[in-house]
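By written order: A, B, C and D. Residues from 1 in each chain.
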Amino acid sequence: MFYREAGQFRTSYAQDTQIFPLRQDRLAMMALLAAAFIAVPLFASDYWLRALLIPWLIFSLVALGQNILTGYAGQLSLGSAGFMAVGAFACYNFMLRVDGMPFLVALVLSGLCAAAVGMAFGLPSLRIRGLYLAVATLAAQFFIVWALDKFAWFKNNDPSGVITAQPMKILGYSFASPQAKYILVLAIVAGLALLAKNMARGATGRSWMAVRDMDVAAEVMGLPLMRTKLQAFAISSFYCGVGGALFAFAYLGTVEPSAFTIDLSFRILFMIIIGGVGTILGSFLGAAFILLLPILLSVLFHAVFGKIVDASVTSSVELIVFGSLIIVFLIVEPHGLARLWQVTKERLRLWPFPH
Amino acid sequence: MGFQFFMEVLIGGLLSGVMYALVALGFVLIYKASGVFNFAQGAMVFFAALSFVGFMELGLPFWAALLVTIGVMVLLGMATERFVLRPLVNQSEITLLMATIGLTFVIEGVAQLVWGVGVRRLDLGIKDVPLPWLADKTGIFISQLDVFAAVVAGILVATLALLFAKTDIGRALRAVADDHAAALSIGIPLKRIWALVWAIAGIVALVAGMLWGARSGVQFALVFVALKALPVLIIGGFTSVPGVIVAGLIVGAAEKMAEVYVGPKFGGGIESWFPYALAILFLLIRPEGLFGEKIIRRV
Amino acid sequence: MRDSQEPLDTFPKLLMHHARQRGERAAIREKKHGIWKTLTWMQLSEKVQAIAAALSESGLKRGGHLALLGDNRPRLYAAMCAAQWLGAVAVPLYEDAAASELVLPLFSAGVTHIFAEDQEQVDKILEILPQCPAVTTIVYDEDRGMRHYAQPQLISFAALREKGLDLLAARQGMLQDELAKGNGSDAAAMFFTSGTTGQAKGVVLTHDSLIDRARVAAELEGLNDTDVAVAYLPPAWIGQNIFSYAQPMVVGYCICCPESQETFLSDMREVGPTYFFAPPRVLEALLTQVSIRMEDAGRLKRALYERCMSLAGRVGARITSGEAVGLGDRMAYSLGNLAIYGPLRDVLGMSQVRVAYTAGEAVGPELLMFFRSIGINVKQLYGSTETSVFVCVQPNGQVKPDTVGPAVQGVELKFTANRELLVRSPGLFKEYHLNPEATRAAKDADGWFHTGDAGYLGEDGHLRIIDRVKDVGALADGTLFAPKLLENKLKFFPFVKEAVAFGDGRDRVCMFVNIDMAAVGNWADKKNIAYTGHSDLASRAEVHALIGDCVAKVNADLATDSTLSSSQIHRFLVLHKELDADDGELTRTRKVRRGFIGDRYQTLVAALYGSQPSVRVDAEVRYEDGRVAMVSADVKLCNAKTYPAAPLKAA
Amino acid sequence: MSIQLHAHARAFPIGATILQVEDVSLRFGGVKALTKISFDVREHEVRAIIGPNGAGKSSMLNVINGVYRPQEGTLSFRGSKLEGMTPRRAAHMGISRTFQNIALFKGMSVLDNIMAGRNLRMHASFLEVAFRLPRALREENENRDKVEEIIEFLEIEHIRKTPVGRLPYGLQKRVELGRALAAEPKILLLDEPMAGMNIEEKQDMCRFVLDVNDHYGTTVVLIEHDMGVVMDISDRVVVLDYGKKIGDGSPDEVRADQNVIDAYLGVAH
């Protein structure tokens, strides 16, 4: 009902395919970005930045990766955390072993490493599909964590098995404060999200979705299944890898391989299921949801029962809620929060008409 | 490092393979009947074992606890069918898989909520010590618990085999497995069959859980140990009971061998992924698994 | 510069003027291939010259005729202007006309060149070609399916344009001469009157008359080159020509051609016109759509809507007219504007409309007021083909439902004894083509045009139209009987598509009613009444009751007006078939042919004035493909609730 | 109306043999799907393959565009033998097809579906797409224009942006035709284009098939089990039954052919 569309017509295909065809949406998006880049760093508390916003952005990025592979290309992967790990440790080693290595370059390289590993484990997808593939990605998950765990070299032979991320320096400026870290992460995530959106709405995205929806037809149309799938694996892993690196460098600071358990992989999968499979927006919504839920739950618990409940109870309740939510979403709204948002938007555009 | 040791490793591997096979069996049953890849099987194993122990700790005698647990598992199975899978009928198998992943979380949560998180001991009254006579005769040490487990598993499989072969339910089951629509058309009550299958799967899970728990304690880890059943499935084929038995043995043995003879070179622990690697290799060579039907895709 | 030297007295000259003044501004937009392809004034002028060159090559000469047969497309208007460039007369024809209906215009106008949109139109022309030997060239726009047509007369628009571009250099001089030769008194276009009365006549209009009226109206409304209009009505109709050709040419604003009929509404929303013209039937269709779609809204939203609309009904129109309204109402209205009116205007694509006209037929007051009440400045105007439309226009803020406003600048009005309106204005037509006596009959020696409409000037100087002179009759008791007035009152109800009133020389008024399939169908679904189709639905007792209520409401309204109270509707029937232009029951502009219908359904009329409850009828239906079938049905005759005339209350 | 359209002189006269099928046999395990099938397809013609259900029609189509590999026999395209056909190679050679049970990309809009049909003409790498570099944008626009022509051709402007999942069956079939056309194929394979349609939809589809043949000169090979409609629109007809060819010729010849009549006995058409 707040939309006034009359007079917004398109005279070129470029206009017709832009990300936000409606002026109102474009303005809203600009306002949002402005707020995110300026207002938030100014007013948000360190706790908010460190404990909520930074991890949210990072997981949004990882979810984006998962979404590219699972949501757009339709290849179920249970190994996202593994690819994150590759990114994190790759970045650490590049910084460690190449002196004077600029952080951003290291970041990209670590993404590429993850992409390479991703492709390696994606290879089976050429022969196998669906469930079988899911199992193959489990192999990735376990193998990667095992390898990083067993070969001390990756961790610079640190007896504790824990690595400490080097400071993030770009052009001499060290991103140490929460605000600085936040802005850096935000910029990277925003940029990569834009690229993802461009791919999704372009020819690349179409071939992914074609393979997802009806691979036989896609092949008959001359679409190279292998390349498309591997491409999806590589790009997806790249996003996960960069996410992993940021996870280590901008969020935790110190990591060990065991931080990237299969449990984490599941959570990332949940993010896109709840957020919205096959949408960019969904990745962000889902990440926010999955991250906030535990906090809300514990807050709720303490509000209701006071301090008496011990952690194990809340954690098990958390498990139950997560699990049930997944099932409910799969049954009720398979397209997740993003779809809900989209539907509301449609209704507003048609207001006062119901359809 | 002689022949005896080799035999020990091999047999030990085979016996633990029996465990995998047992868990995998649960998968196969459900997959055959309702085309669902039940990721929650592991969680069911864990839940079953935990409940059993729990009931015993509540003071129930062994058999009572066993019966009650069976009851619980049957209920769980039916509930799953009713509230998770029926609403999702005709969805892509990926969707179903994700649903069962969600289910895994729910079951774990419930289990922990009800029975707590600590590791439990489970005593079936069989000592985890080598069979004396075998040790005397051949000098090969094999835990009698393992042997017992193998026997139980054998019995279970045999019973199931009979059930499928001889009873009406079994025939119905096979009909369903072949073609849902057809099964429906000849008046087989799909929903009832599915509920039944889930119940059976529950029981299988219980048995597996008990044996496993008896050997290495009942703990959360069971869920992930159960993931080992996946490569077994792949190698054996999703739809073949004998397949998974064989595959289970192969995986068990191979993994132990690898661990003992190759593992040290990498500082050990390769069990955690070796079976998967094996599975992938298999897939590349024979995607439909050992005994699985060839997938012909109509256009 | 040259503008000052020579007068801009022809459309081609105006075109060149705009090409110089605002060459880069959009002249015509066409939704094609999913986006709005834009033609600037410069591009348009080049296109026109190329076409003109090619047409002259193919023998189109000063005084010749170019017929245009197709939907609103830039090519069509370019061709029209090209013809005028060469001093030829553009003859736009109705694209939905049957081949047989085309013979007369093509033949009588001695048309030599034809612009046809597509294969469908070409096929029609080829069918009647033998009867129109003069035709030498048929230009077709869409080559879909045209590949294997071998006729020598055929040439595709693209090819024609290519030819023109090649010739352009060589013919430049000739074109400039032709442009200069043209002057305002030349015939610019010929429109065939829909012919509510007898055979269609070709009305010849000069550049001067069209340009003069276009300019006067444009000045009246302060139109400028930033305005935008949607071209969606048949180009063969004078109104369309004025709003999508004459006025853009004079003012330099941009017109937009929708992609197709079914995408018209969404396309209109996209371009958001600032200047909009809609005959009553279109407004009715829009209103019907609004009511239908709101039917499906949730209860809360409906309630909100109802509230807002009742408020709008009370004060909306006055606010739109800029009259003073209580502060409370004003604030409430602005809230409503936020919640309902604004969005509603927008989904209708009219949120940017500055001026909207309706004409062509008297419009039901409630209909007019609905749109004004939600803040759309819809006004009535009066005019006809012979007067280049603009005779009277309602000025902003002086919109009364029952008038069509005062005479616009340059127009003189006068009335004969029997109330017939006579008009004298610079916009009057030159003549009826090759029909001097008809011309003489319509336009007398001192230049008064006999409109054939009965009306009178109120003391406010606003013209009030009663009806066609020949239709205005009297009931047996001598009181005034104005059928159209009654029909319109009934037609405002979304359920009523068409209505035909009888009563001249009779003791009381009776009516035929055509239900609106969409509205009634939707209503039936809600009431879950099962029905197979129109005729079945029309025979339902529930439907009769529904229409009965509408009639009763009308009667209640009539009863309050002393002069009309006697023409309350006593009996009515719901027609078993939809009145259809293909059956000659409606004109191509969808006006009811009352006399024709009266004859055709005399049994029904008789029955209405009889007393029996129902009557059996056989009627023939003509399908799209020309096949004819008989449908027979039992038609129920319903008595309507009538009211005693309201006593004149003392002021 | 379809018939009348055909009565006109052809825009593209029927040319030389473009596709030659020789002694093709196909088996699934033991099951014989096709036995020694031979026939030819001439350029610009409408060639129908008819036969009762299970006659091996679809298998034949799948062999032509490389989905199945025949155990024996050869295909030649413009005289040159085709070894090791794959669907992709077929596509590159200009063979595109529709499917018996619609195989549209359910999650995508009509526009995207048809755009996807032009993927062979899009060469920009994913990086170019991601950064919207000139080539990517240019390809996007050029192909969009072509696609819009097809949308106009098939009269589906009003559903351009609708997800195909929401469309009625008939329209989906039309969109699938559009997607096949998008590749600007030399040969268009239609697998039961009119299956499950009501009479108007069938008539529309006939019209479009003929228009395609007439407007783009596309060679059409279509499968139907329902003799009725096909006979009106095809130039020549091959009749299969139980994987064997039992008739080949003009519609009238085939109608007269005793074997064909027998094969169709019992089959209500």
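Brief remarks on what is shown
Please note the rule applied: contacts are C-beta pairs under 8 Å (C-beta built on N, C-alpha and C of every residue); 3 or more make two chains touch, one makes a residue touch a chain.
Keep in mind that this is a model prediction, so the values were computed, not measured.
Set side by side, the interfaces A-C and C-D show unequal numbers of C-beta pairs in contact, with more at A-C.
Taking the mean of all protein Cα atoms as the centre, the chain whose own Cα mean lies nearest is D.
With each centre defined as the average position of its C-alpha atoms, the distance from chain A to chain C rounds to 57 Å. Separating the centre of chain C from that of chain D, both taken as means of CA atoms, is a distance of 46 Å.
Distance from the chain B centre to the chain D centre is 48 Å, each centre being the mean of its Cα atoms. Averaged C-alpha coordinates put the centre of chain B at 77 Å from the centre of chain C. Residue positions of chain B touching 2 or more other chains: 299. Shared interface positions of chain D, defined as residues touching 2 or more other chains, are 67, 99, 144-145.
Residues of chain C found to touch two or more other chains are 34.
By the touch criterion stated above, chain A contacts chain C in their complex at residues 1, 3-13, 15-16, 350-355.
If you check the complex, the residues on chain D that touch chain C are 5, 8-11, 111, 144-145, 148-149, 151-153, 157-158, 160, 211, 214-215. The residues of chain A lying in touch with chain B in their complex are 74, 76, 124, 127-128, 130-132, 134-136, 138-139, 142-143, 145-146, 149-151, 216, 262, 266, 269-270, 273, 312-313, 315-327, 330-331, 334.
Interface of chain C with chain A (complex): residues 29, 34-38, 228, 256, 269-272, 293-294, 296-298, 301, 304-305, 339-340, 342-347, 349-352. By the touch criterion given at the top, residues 12-14, 17, 195-196, 198-199, 202-204, 206-207, 209-210, 212-214, 216-224, 231, 235, 278 of chain A touch chain D in their complex.
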